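Paired with subunit B in one complex and with subunit C in the other, subunit A is shared by the two complexes that follow.
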Partner chain A sequence: MAVEHPPATPAGDQSRIHDIGYRGYDGPRLGRAYARRSLYSQTLRGSYGLGRSVKSKVLPMLLFAVICVPAAIMVAVAVATKAHDLPVPYTRYAIIMQAVISLYVASQAPQAVSRDLRFKTIPLYFSRPIETADYVQAKFAALASALFVLTGAPLVVLYLGALLAKMDFGHQTKGFGQGLLSAALLSLLFAGIGLVIASVTPRRGFGIAAVIAVLIVSYGAVSTLQAIADSQGSSGAVPWIGLFSPVTLIGGLSSGLLGGTNTFPGDGPSHTQGAVYLLVIVGLVAACYGLLLRRYKKVGL
Partner chain B sequence: MYDPTVARLTYRALLGRRRALILGALPLLLIVISVVVRGLAGADDQTASDLLGGLALATMVPIIGVIAGTGAIGPEIDDGSVVYLLSKPIKRPTIILTKLIVAIAVTMVFSALPTMIAGLILNGNGQQIAVAYTVAALVASIAYAALFLLLGTVSRHAVVFGLVYALVWEALFGSLVPGARTLSVQQWSLAVAHKVTGGDLVTSDVSLTTGTVLLVAVTVLATWYAGQKLRSLTLAGEE
Partner chain C sequence: MVRVTTFYDVTVIATESLSKRFPRVTALDRLSVDIGPGVTGLVGANGAGKSTLIKILLGLSPATEGRAEVLGLDVATKGAAIRERVGYMPEHDCLPPDVSATEFVVHMARMSGLPPTAARERTADTLRHVGLYEERYRPIGGYSTGMKQRVKLAQALVHDPQLVFLDEPTNGLDPVGRDEMLGLIRRIHTDFGISVLVTSHLLGELERTCDHVVVVDGGKLLRSSSTTDFTQTTTTLAIEVTDSDEHPDGTRAVRDALHARGVETDNEGGGLPGAGHILLLTAQGEETYDLVRDVVADLGLGLVRMEQRRHHISEVFTSSDEQRKEATVHGG
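Let's look at the complex of A and B:
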């Protein structure tokens, strides 16, 4: 009964891919840098719902409005009362608005990465000329830029208002610069943390809750511990406790190195401690980047 | 009105794989902080009340409620597998009620129980503080689970809107605008807790009657409307 199988096709000219007549592409190839730029700009636009459905625009635009309106009101009040300085220093503004910023990161970080995981589009990206590092850099840069827009816009409103109210130009410009620097560091730190958490879960909802839990709960826990440490007379420990949550990290950096007002109970961090804060922030951003690279080395393949 | 199979599937969706670990991380953090605070500050009623009120009831219960409430139905609607459930001869309100019971149970286990433990660690239930906040967490679990389950059937962005309500409305506006506190699950549950223990440290801005009526009304209405919503569910594609 054994059917004689034909021997394996001998190698050589008999095996070949048939040309079934598709036309080849011989136009310009835009390459890796172009792909990376596109990924960056699409993610950045997507973070504000541009190019997506109306429903997706609601939340980012709402949060953007919520963060800018108090700045506009402050400026209006300052102009009306002819104040000599803004009611809130530039570096302080992001700390007051930390709940809004955390919500924005929590809603947009999963938007940037979780859907690629869930719909298994990651292998499609990596079949293009881009590398793992390109994907991570593009997403990281896009989310950080989106956050910088969110945190920088109210500062611009405050600065313009301060200049219109004819406040001291040098003083305001210095404060504005320090505010922008702290906003930039905040954007990098929050984007990194948000992306690392979101890139682990393909479930968007779960990612949102996890990011919020890390940002808000750690802030709540750290401020509680700081208040208790201060009231128990161990004020020296307060700045060191502040190292354990992203919001207090930025707050401590602003008051330690960037001349902002102190947001901690008791004495604020000294210059040396401010330097430690800066080191920790830079280290955390680098660690987030490293973790993302590691995560995307073999994801979905 | 309770379907064991649906309940089992919902439990698995909420706690399966590594999710139980992540849900457990928050309560664990609360207990660790309580231990640290007890070590730093010793037993102090005001500290215990601040910590349980600020961290446990205002932050942890809503977040666990959002995860459990929306997680009970949201992912199924999101990936479309809910049609297999809906095509079975089970009444839609039964599905909602079963999922609600599971969500309430999970929220209670992961929020009220750790609140109790944290309270006992902090001051050994002095002035009934631990019991008061546990009661508040239990009551709030029911309302939050019902509310966020409804959100899960209404919107694809249920988690975000749930968190916006819990963190921006209750925490931010609640501390700035006194009127916002009348419409806050947290204050309603505190009213109940205040009545149960009768202490001075646990107080609420709403009266017991208002609190109880609103709690029951919100829970019942949200559950009923979620059932209605599920009866006429349309599956939308991913935007």
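Let's look at the complex of A and C:
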């Protein structure tokens, strides 16, 4: 096997590699849309601690596990008992898990925007081709996607389990679709609220506390008010009170428009009220986007 | 390997009666200046309008009136195109402490539009050129000020811009770090072929680095000239000589000999240590240097130093104050 090898590169050539001068860049420059996509994927990965330190992976991964485990248990029980339907409808799952979702928003919204403010990285972004709107869109879309992964994953577990348990395919698929739609709206709403709050403060701690206050405390307050209204005999007010916290907004929408079971005391929202819920959610998401744009117009260099 | 710059004899930055007024302050006042390729220093005290000018040139802040072009592109309409070809290094800290220099600069390269592979290659190259080696894999939080400044510079250069804006790059550096940074800035033009606009409130350090210096104050242009013009006008010579047995006070002997030949001297020495031994005189041209050499040699003394004393920025302000007065007289 006397194959002739090409002569080895002389050592001199190798040492010269370390001494090459400056090389320019003549390759493609992919511009704004690409930069926006890069920012989106970097933020989305960062929302689960990917590409960041081990420490910053712990909380998002833990919350992801916490939200999926109950779904897995439900599926296991359903399969074992040969149940004909899941113990919890798809649209209801996020409401049960609202504390986990709120904690996730509280921890990751500041991660997405407060860091750039705190370490003053913003000017570096805006000295590049992207505009204010690109930055806001990338961050908004990234956090909403991260939330959709968090709220959608347990639904996928439930759906696969339901199919495994040979439940009615049509019924399950419809419920799964409604669940995903509700999860998508929840993701947009929570991401918007979380980002608006976090974008005001460069301090992560404040951001976390403020997001928890708005999401969890408002849910507690609204639920209490609803219970009082119901026991005082003014149950007609219950659905309207539900408009004042993000969690009950999603809950009311699910039961009013998406065929979910009622999560409110007394009667759930009607179809018309469901439509109002949808309008309020869309309006809030748009308002959050507008506020973020205004906020970042000011930040600049 | 010096890249051939295609825009010789072309202005890189041009402004025409550029003004920026805020409700309470006028940050820029009818500033008209043309800046060519090379290293240009933008000098002014804090609040002179340097940062405002950079913001307008990046297309991030509209001018109240007047117009400006960067690389032949109008800042009012072509902001994104300008920012694709220009790099910016801010004055303040802008680095997240929990990521490594490599990760950070790669991300910034992609934000400038470089595809992922190119972003990685350019990052490795650029970090090496600014002098960051093994430490580039460690989190930035543990870096010294000098290393952080290098990372900031690298992110401004990573997309191979045609022009970089460096805002106070020597701030917070010790003398050695300052010299290294100034050397690096010089190389950005000579080796990389990238034009530089560098701001500072110290004229002295820019004189050594820049081809051209623009001085602004209160948003107005005080002066725009090549660095050689500055040196020509600032030829105060400082002379120090040894003493000998024949002339126990060498300084006095030289001064008397110079006076005898009609050259005025001034030995206050600027309040420096050993000031009494330093003679200051105004050089009229080449012949003054020859004269000093001959005088010292005739007296049999040793010439310890003969150097140019440069003017401080305050003197530029003083002389231009006079110009401004003249201008107002003519204008009025």
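Keep in mind that, in the parts below, the second predicted complex is superposed on the first by the 275 of 301 C-alpha atoms of A that agree within 3 Å, B and C clash if a C-alpha of one lies under 4 Å from a C-alpha of the other, contacts with A are read in each partner's own complex, and residues count from 1 in each chain.
The rule is short, and it goes like this: a residue touches a chain if its C-beta (ideal position, glycine included) is under 8 Å from a C-beta of that chain, and two chains touch if they have at least 3 such contacts.
Predicted model, so just to flag it, every value in this text is computed and none were measured.
In the superposed model, A:59 makes contact with subunit B only, not with subunit C. Legend: residue contacts after superposition of the two complexes on their common chain; A:29 is shown touching subunit C, with no touch to subunit B.
Once the two complexes are overlaid on the shared chain, A:279 sits clear of subunit B and of subunit C alike. When the two complexes are overlaid on their common chain A, residue A:212 makes contact with subunit B while staying clear of subunit C. Contact with neither subunit B nor subunit C is seen for A:164 once the two complexes are overlaid on the shared chain.
Of the two partner chains, neither subunit B nor subunit C is touched by A:76. In the superposed model, A:120 lies in contact with subunit C only, and not with subunit B.
Once the two complexes are laid over each other on the shared chain, residue contacts for A:38 go to subunit C alone; subunit B is not touched.
Of the two partner chains, subunit C is the only one touched by A:129; subunit B is not.
Shared contact residues of subunit A with subunit B and subunit C: 52-53, 56, 115, 119. For subunit C in complex with subunit A, the residues that touch the partner chain are 1-3, 51, 54-55, 58, 60-61, 80-81, 83-84, 86-88, 90, 92-99, 103, 107-108, 110-115, 118, 122, 125, 129, 139, 155, 159-160, 191-193. By the touch criterion stated above, subunit A contacts subunit C in their complex at residues 20-25, 27-32, 34-35, 38-39, 42, 51-53, 56, 115, 119-121, 123-131, 300-301. Those residues of subunit A that touch subunit B in the shared complex are 52-53, 55-56, 59, 99-100, 103, 106-107, 115, 119, 203-206, 208-210, 212-213, 216-217, 220-221, 224-225, 228-229, 231-232, 234. Across the complex, subunit A is touched by residues 19, 22, 25-26, 29, 33, 36-37, 40-41, 47, 50-51, 54-55, 59-60, 63, 66-67, 70-71, 74-75, 78, 156-160, 163-164, 167-168, 171-172, 238-239 of subunit B.
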